[in-house]
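Below, each structure is written out as structure tokens.
Below, chain A partners chain B and then partners chain C, in two separate complexes.
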Partner chain A sequence: MKYTFHWLPALRALPDMLWGALVTLEVAVLSMLLGVVFAVLLALASQSRIWILRAFATSWVELARNTPALFQIYMAYFGLGSFGIYIDSFPALLAGITFNNAGYLAETFRGGMRAVPDTQMRAARSLGMGQIQAFRLIVLPQLFRVVYYPMTNQMVWAILMTSLGVVVGLNNDLTGVTQELNVRSFRTFEYFALAAVIYYLIAKTVTLSARLIAWRLFRY
Partner chain B sequence: MFSSLIDTSFSLNDLWFMLKGAGVTLAVTFWAVLAGTLLGLVLGVVRATAPWWVNAPIGFVLDIFRSVPLLIQLVLANAFKPMIGLNWSSFTVGCVVLALYMSAYCTEIVRGGFLAVPATTRRAARSLGMSWSQDLTEIVFPIALRVALPSWIGLTLGVMKDTAMVWWIGVVELLRSSQVIVTRIQEPLLVLSIAGLIYFLMSFPIARLGARLERRWHEND
Partner chain C sequence: MSIEINDVHKSFGPLEVIKGVSMTVAPGEVVSVIGGSGSGKSTLLMCVNGLEPINSGRVLIDGTDVHDRRTDLNKLRRRIGIVFQQWNAFPHLTVLENVMLAPRKVLGKPKAEAEAIAVEKLTHVGLAEKLKVYPSKLSGGQQQRMAIARALAMSPHYMLFDEVTSALDPQLVGEVLDTLRLLSSEGMTMIVVTHEIAFAREVSNRVAFFHQGRIHEIGPPSQVIGNPQKPETVAFLKSVL
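Showing the complex of A and B:
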């Protein structure tokens, strides 16, 4: 191996990369929040009696699940231009990941709704609870328990997906910052290895804290 | 916008170029899935049976492949290649990285399937006089397959979609080939829609098959 590593410049760039990591987290968290909202709406729409709502929900979910995330981000960045909508790389990335998250989470929520038996609702109603009360106190906690683990998985995927922003020209998230440093110095391996470590730590932190929260929430 | 869809400069040659890109996508997927599944099978059985001091390091390493973005793994592998004097094409690098990525997930699927076979079933097999390897091939494998196959199909489709990232290291696959056409004829919506349709047609039927298998096999659970 004739390569000399230069770790020092990479370590000097660490603060910049950590700021980038913050943007990465921001995109991931925003796309998750928006994704959950859209996913709930999609899950409800897929059980609606109006066929056009059902068709809309089905096409969203199937498109999100059967095309690459990178393609979805491209569509938001380049494709929307044909409708006269020109958006920046940050909103394009956010829109792409949100679309993807919503598609996957909608399936999760649909499965979760099926996992809570109807009889639970009926029992709650016959005990004198109102519709909303029964949903909030009986159905929702059980639903949450089922969808919690897939949701944390999706959160980790959302973090990993944010790295695709660099492809549509985002330059202030972790991968974007790393790429900027890389084209300035061509120390590709050092910078990207450092970025990989940061991504790993972020993903592990999210998984571990999710597990801690689950332990606190779901104990009997 | 709609007029541009009718009098388009998108030609049959462009479609052919994109289909060739789709061929590259499928080729990368094929090698990655083949190698990743074989490695995943071995590591999955090892992870399900080995003691913790073998298990923990393997689990730790595989976890890294699942916690670092694929794009970064590809860039790292591509930068690492000349350092150790390897002269691989970027196609090979893409296949190898995706195979490792696939094996990391496949190991967990195989392990899950393996552990889903009740110990009592295996003991029953052994007490009927089957050898360890017979038990593995005649009892564990068929039962584990039912648990693992739907997730494996999902994983394969996931890897197929993730091959879209290998263009970053210079492989012209479906998404990259559509980008090339977009820069020439400047009709991103049309060209990207066609690319999306091709991806959809490659993925959707198999996804449906997986969902059906899962329903059919879990009917009696």
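Showing the complex of A and C:
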């Protein structure tokens, strides 16, 4: 077995792929920000006294966690399409990943809320703090620590999930760009190997910076 | 200026834990509350500062009805400090920050002033060396003393102590009791729920014996502990001494 790795086409493709990586990051970051917002709402809804809210939250979390991410993205693109709602590849991918993120993070947040004992709230209130003040100053920072690492994991997962955008026609993210280059030249191995290295480096950078920030943030 | 507890009833669901308790604590007075577990002692403290609602009766702090809807509990609680059995240190803040937080955020004091108060109170309870340390690095006794300093930093008129030594290792009980002794010698008005009978006898002006949600006996320690009148009090003291 002998294979010559063609460095030149790979190097030539690098700038385009790095631009693609930016789009990848954009989708991942947006999907995390939106995911966190929806996850907080879902976590609250799952504690609600109104059963329809609880049912809605449960269904979302169940579907997001127990069906393939690929299907979730398909649903946003083709699924909505069959109801006459057509959205572009980018928002479809964003919606799919956001749906997935929110489902996982909602569970993380729900667990986090249980991890901070009620007595902390009680102690804060006994010092004359109001409900919201006590939550903000005492509960939230502790909650944040509990959910921090699961959140960074989800961020990495979100980055990797963006590669599924190719199935709904996204062609300017890292996988999309790689696929375009591939169909033009069939240097499949070179391009995808390079893409894998870039994904790896992005994911590692996220994990390592998260660890660095945590070291700075959580001194206790 | 006093704490007046007037015929307070409190139930958790069908279980009535306080069955009509009345008692007045005068300024500068130290009242210890003793009694078996589940007798309602701790719940009474929670009702005094409004952490638990009551079913009937009244609690007046300096004439303000704690359980009146119109009462601003956040404001009222600045006057009543409470220290819990589980000290409830805020783990994400240093010792100094734990104590500074409420003076800054609740009383709105400037940072330097809040810090000065915190340092003073922490020095008072013997933790001047531990300002920059996180609570997880402290022993139980130190955390409990920090919790006392945290309550004192609000300059409360009254202090409530809820079995503050029960969760401590025996060798750490002494240092916390010393802090309480210090406070009582300074004239702090206190209600102390405790299992430390010898301590109650030593520092209290009055001792209240709680049994099945009622005060069975209340009076000077020489009477309630030294010469109990009711058979329940005698039985309880026999079991703990």
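In the analysis below, the second predicted complex is superposed on the first by the 217 of 220 C-alpha atoms of A that agree within 3 Å, B and C clash if a C-alpha of one lies under 4 Å from a C-alpha of the other, contacts with A are read in each partner's own complex, and residues count from 1 in each chain.
We take it that contacts are C-beta pairs under 8 Å (C-beta built on N, C-alpha and C of every residue); 3 or more make two chains touch, one makes a residue touch a chain.
Everything numeric here is computed off the predicted structure, so don't read it as measured data.
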One more residue to check, A:Arg125. First (chain B), second (chain C), both or neither? second
Pick one for A:Asp88: touches chain B only (first), chain C only (second), both, or neither. neither
Applying the document's definition of touch, where does A:Val156 land relative to chain B and chain C: first, second, both, or neither? first
Applying the touch criterion given at the start, work out whether A:Arg145 contacts chain B, chain C, both or neither, answering first, second, both or neither. second
Looking at A:Tyr220 after the superposition, I want to know if it touches chain B, chain C, both of them or none. Which is it: first, second, both, neither? second
So, A:Ala196: does it touch chain B (first), chain C (second), both, or neither? first
I want to verify the contact counts: of chain B and chain C, which reaches more residues of chain A? B
Could you please specify the touching residues of chain B with respect to chain A in the complex? 1, 4, 64, 67-73, 75-76, 78-80, 82-85, 157, 161-165, 168, 175, 179, 182, 187-190, 192-193, 195-196, 199-200, 203-204, 207
Which of the residues in chain A end up touching chain B in this complex? 1-3, 62-63, 65-71, 74-75, 78-79, 81-84, 156, 160-164, 166-167, 175, 178, 188-189, 192-193, 195-196, 199-200, 203-204
Complex contacts: residues of chain C adjacent to chain A: 49, 51, 74-75, 77-78, 81-82, 84, 86, 88, 90-93, 101-102, 105-107, 134-136, 147, 150-151, 154
So in the complex, the part of chain A that touches chain C is made up of which residues? 119-120, 122-130, 133, 137-138, 141-142, 145, 218-220
